[in-house]
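Next come two complexes, and both contain chain A; in the first it sits with chain B, in the second with chain C.
Then we have the complex of A and B:
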């Protein structure tokens, strides 16, 4: 089946339209309405998954690039929507994670949060994430960032528990600061290069002065890096992720930081491939620090969800390490680092979501997620214990699971490129991950059964809800197992995706086949020595 | 000259915004965020050309090239960008104000309990007992409607006396009926 570029609109339009439809009737209230909301949301998630799967097959499997110029306005003037293998991989993973978390959310989100608009917010968050993966220019990327941030602000704070409002403020302020930095970068790009379109920025950036390039790259690194929670900029994440209901934490843990990682991948490979070489020591240092701080910080955390969310930071460090060595290595292994980072990203999205959901189930059974006050659950909930254990060892990188393939490939490329220190750090961080996971397992499942601190939640009295909670975890663990078993084809696919993403010229030609300009337009930040007349004469 | 002035304006807006965000007070935080967004808007405004009295309107299609080469008109795109950015920052500021107000209602304090509080206190840095109290909340409790509907809004969270606990669990059971 031939895939049209119009399919690119579906991952944004389907959640948006469904959420708008739900909101139209949201004020009527009532349980019947919530049931309809759930059905509609599930439908939108399925449509999204189908579209993402089609796109993935065409873009990642067959190496196509899809460009949708909205309203048929050509590239620099209209809104460009761009989808290639990298975008499609992330779209597919996002669709999977969103669809997997949704049954868990339906089972555990209470009626009041549902009435406050949980289901449409879920779709708005999905729309923002999908839009960020598809955006073809900086300003639309900013807009989609804000869409997903706004949805996440409300999802984080709906319910207004004291801890939620406390963490909400820190999350909101730090993310707004990151958005501000990113918007400054967009302003500087427009002022110096006269364009916001990704392809044109990539085309014109070599003409700009090195100072402009450095400032632009630095601002993007800070802006996207704090979305991705890299080393000195991660403080919003451990401050907030443990406070909302576990369904929200699972969704955030699966999706939000990955948007930052994707934008880092996209901007560094497309705009400044040379900086990947020049800044490699800096990037590797940041990556090592992120890995270490994430794993060590998780060791000091007192609760399951606190450990798991702090640990996300460590994984971001692994992905950044893959990006830093993306262009290193010999010609045969071109893009090896990025390919390894992409497969790591997929593994992380799957298994982290599964673990947070399993942790949420533990929290429900024990009435608390504080490791000091829980224990011995393995005798009461063997299936949950089994799922948690398999997910945990997959995260730690034990062979039959996806964690092994992704960690091995990342380690291989760092060893091949002779970055001994960072590869040592990554092995050490993996060891710490193992320690963390075993600590969680020991404290919550082994030992004497400790009575729950309060009456077990009513959710657990419904067997339908129980099944809705555990089935997605089981599916995600199986997916991780499949990714581990079919590791070689999966890795070959992610190598293709990486090589496609690293091919800048093809990106530029796919988006704007127009004539190349050799001069920069006059803006505030450039001296208008060469004026528009020369550009115009060239066009005529 | 005017661009220098603009640069100073952007710089001072950023400086004041950053300073205000670093203060402890919540109102200062909101003001700081607002100043920062104004700073970015001005920067976006300056990223087009700063021209005077040359609107980007061509009366005659034939000689637009000459008009362009003689004097560059104003760039209309940054205004569209600023408009979008203003709308977004307006919505977010409104949200932050509501959040701060809500937080103040719930916790009755202007002080944000930080992750580093145990480290800043004297004694055992790994003593989480204080933050443990903060964490002891029920993510399945949803006081939202009750609080909104009652006068409890003014007095913080309603805590039920033990005698009424059974009634509340019955309510909870009702709320967890399969939707």
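Then we have the complex of A and C:
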């Protein structure tokens, strides 16, 4: 079946339209209304998954690139929506995570929060994340960043517990700072290159002076890096992730930082691949520091969810390491590092979400997630214990799960490029991960059964609820197992995706922004490339 | 009791503001205007209402429908994009010509429908902000000195 580029609109339009319908009828009805909202949301999530799967098959499997010029206005003038293998992979993973967390959310979100608009917000967040993966220009990327920031801010604070409000403010202020830095970068791009379109930036950036390139790249690294929670810029994450309901943490843990990681991948491979070589020491240092700080910081955390969310930072370090060596490689294929980073990203999204959900189930069962006061759950909840254990060892990188394949491939490329220190750090961080996971397991499942809360457990009250919570965890763990067992075909696919993403010329040709500009009178709408280079050479 | 002139002004200005906002909405395709500005203009009419008569009446009459207004506006805006699929591309402008008995020849396109959606979203969001802020402002005034009681 031929896939039309209009399919790119579905991951944004379907959640938006459904959320709009939910809001439209939110006034009428009581508890039955929530049921309708849940059904509509689930439908939208399924449509989103189907669209993402179709796109993935065509873009990642067959190497197609989809370009949707909204309203048929051609590239630098209209809004470009772009989907290739990298976008499609992230869309598919996002759709999976969103659909998997949803039953858990339905089981655990209370009526009050549902009345406050939890379900439409879930869809708005999904729309923002999907839009960021599909944006073909800096401005729309910024818009979708703001959409997902606002939706996540409200999701974080809905329910208005004091701790939630406190963390929500820190989250939104630090993220707005990051957005401002990104906006300054966009302003610099527009001021010096005369365009915001990704393809046109990629086309004109080689003509710009090295100073412009350095500043632009540096600002993007800071802006996207703090969205991704890389080393010195991660403070918003541990400050906020443990306060909302567990379902929200699971969704955030699966999706939010990955948008930052994706934009780092996209901007560094498309705009300035040469900086991946020039800045390699810097990027590798940041990656090592991120891996270490994430894993060491998690060791010091007192609660399950705090450990798991702090630990996200460590994984972002692994992905950044893959990006930093994306173009290097002595004996391995071109783009091996990026391919490894992409498969690591998929593994991380699947298993981190599963773990946070399992941890959330423990927390809801015990009434607390403080490791010091809980224990012995394995005797009461053997299935949950089993799921948590398998997810934990997958995260730590034990075969035959997906963690092994992705960590092995990352290690291969760092050893191949002779970055001994970084590969050592990554192995050490993996050991720390193992330690973290074993600590969680020992404190919450082993030992004597101790349950600090006197309130009866909500999970035990209803078997339907329990099934809704644990089935998605089981599905995600099975997915991770499948990704590990079929590691070779999966890795081949991710190599194709990486090589497609590294082919800048094909991206530019697919969008073809200059085909339209050349016919216009010079200087009317955009600055032609020759003018840019003459201006910039005068500046030098 | 708010001042007399404010209430008098309200009577004259509210219809003017609302008509002006509609005018801005429909001229927005080729000239300055459009859904966003028109929505703010209409919200200004509501703010005038709050200032002159207090927020209680507005909260009762308009308040319950604001969320629905946001939803309707978003739905209309997305649907105007879906109409573009008829011509092959999402959000492509499509124009329909209608021959109506009283209004005469009318040409209506998806951009104006999109603007209508934006208008609804903006007016609903801005009015719910204003109502929320007026409640906060009320809570900060001592009970004996309430402006609208």
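Assume the second predicted complex is superposed on the first by the 504 of 540 C-alpha atoms of A that agree within 3 Å, B and C clash if a C-alpha of one lies under 4 Å from a C-alpha of the other, contacts with A are read in each partner's own complex, and residues count from 1 in each chain.
To be clear about the criterion, a residue touches a chain if its C-beta (ideal position, glycine included) is under 8 Å from a C-beta of that chain, and two chains touch if they have at least 3 such contacts.
In this text, all values refer to a predicted model and were calculated from it rather than measured experimentally.
Room for both chain B and chain C is found when the two structures are superposed via chain A, with no clash between them. After overlaying the two complexes on the shared chain, residue contacts for A:172 are found with chain B alone; chain C is out of touch.
Of the two partner chains, chain B is the only one that A:114 touches; chain C does not reach it. In the superposition on chain A, A:370 makes contact with chain B only, not with chain C.
Figure note: vertex chain A, arms to chain B and chain C, all at CA centres after fitting on chain A; angle 40 degrees, rounded to a multiple of 10. Taking chain A as the reference, the larger set of touched residues comes from B, when chain B and chain C are compared. Of the two partner chains, chain C is the only one that A:27 touches; chain B does not reach it.
Shared-chain residue A:225: touches no atom of chain B or chain C.
In the superposition on chain A, A:17 makes contact with chain C only, not with chain B. Of the two partner chains placed by the overlay, only chain B lies in contact with A:183; chain C stays clear of it.
Here chain B and chain C sit at a least CA-CA distance of 8 Å once the structures share a frame through chain A.
Common to the chain B and chain C interfaces on chain A is no residue.
Per the touch definition, chain A reaches chain B in the complex via residues 31, 34-35, 38, 106, 108, 110-116, 139, 142-143, 146, 149-150, 153-154, 157-163, 165-166, 168-170, 172-173, 176-177, 180, 183-184, 186-188, 190-191, 235, 238-239, 242-246, 300, 302-303, 368, 370, 455, 457-459, 461-462, 464-465, 522-525, 528, 531-533, 536, 540. Across the interface of their complex, chain A is touched by residues 3, 6, 21, 26, 29, 33, 36-37, 40, 43-44, 46-50, 65, 68-69, 72, 75, 77-78, 81, 84-85, 88, 91-92, 95-96, 99-100, 102-103, 106-107, 112-115, 126, 128, 132, 134-145, 147, 157, 169, 172-173, 175-179 of chain B.
Interface residues of chain C facing chain A in the complex, by the touch rule stated above, are 64-65, 67-68, 70-75, 78-79, 81-82, 84-85, 87-93.
Those residues of chain A lying in contact with chain C across their complex are 6, 8-9, 13, 16-17, 19-27, 68-72.
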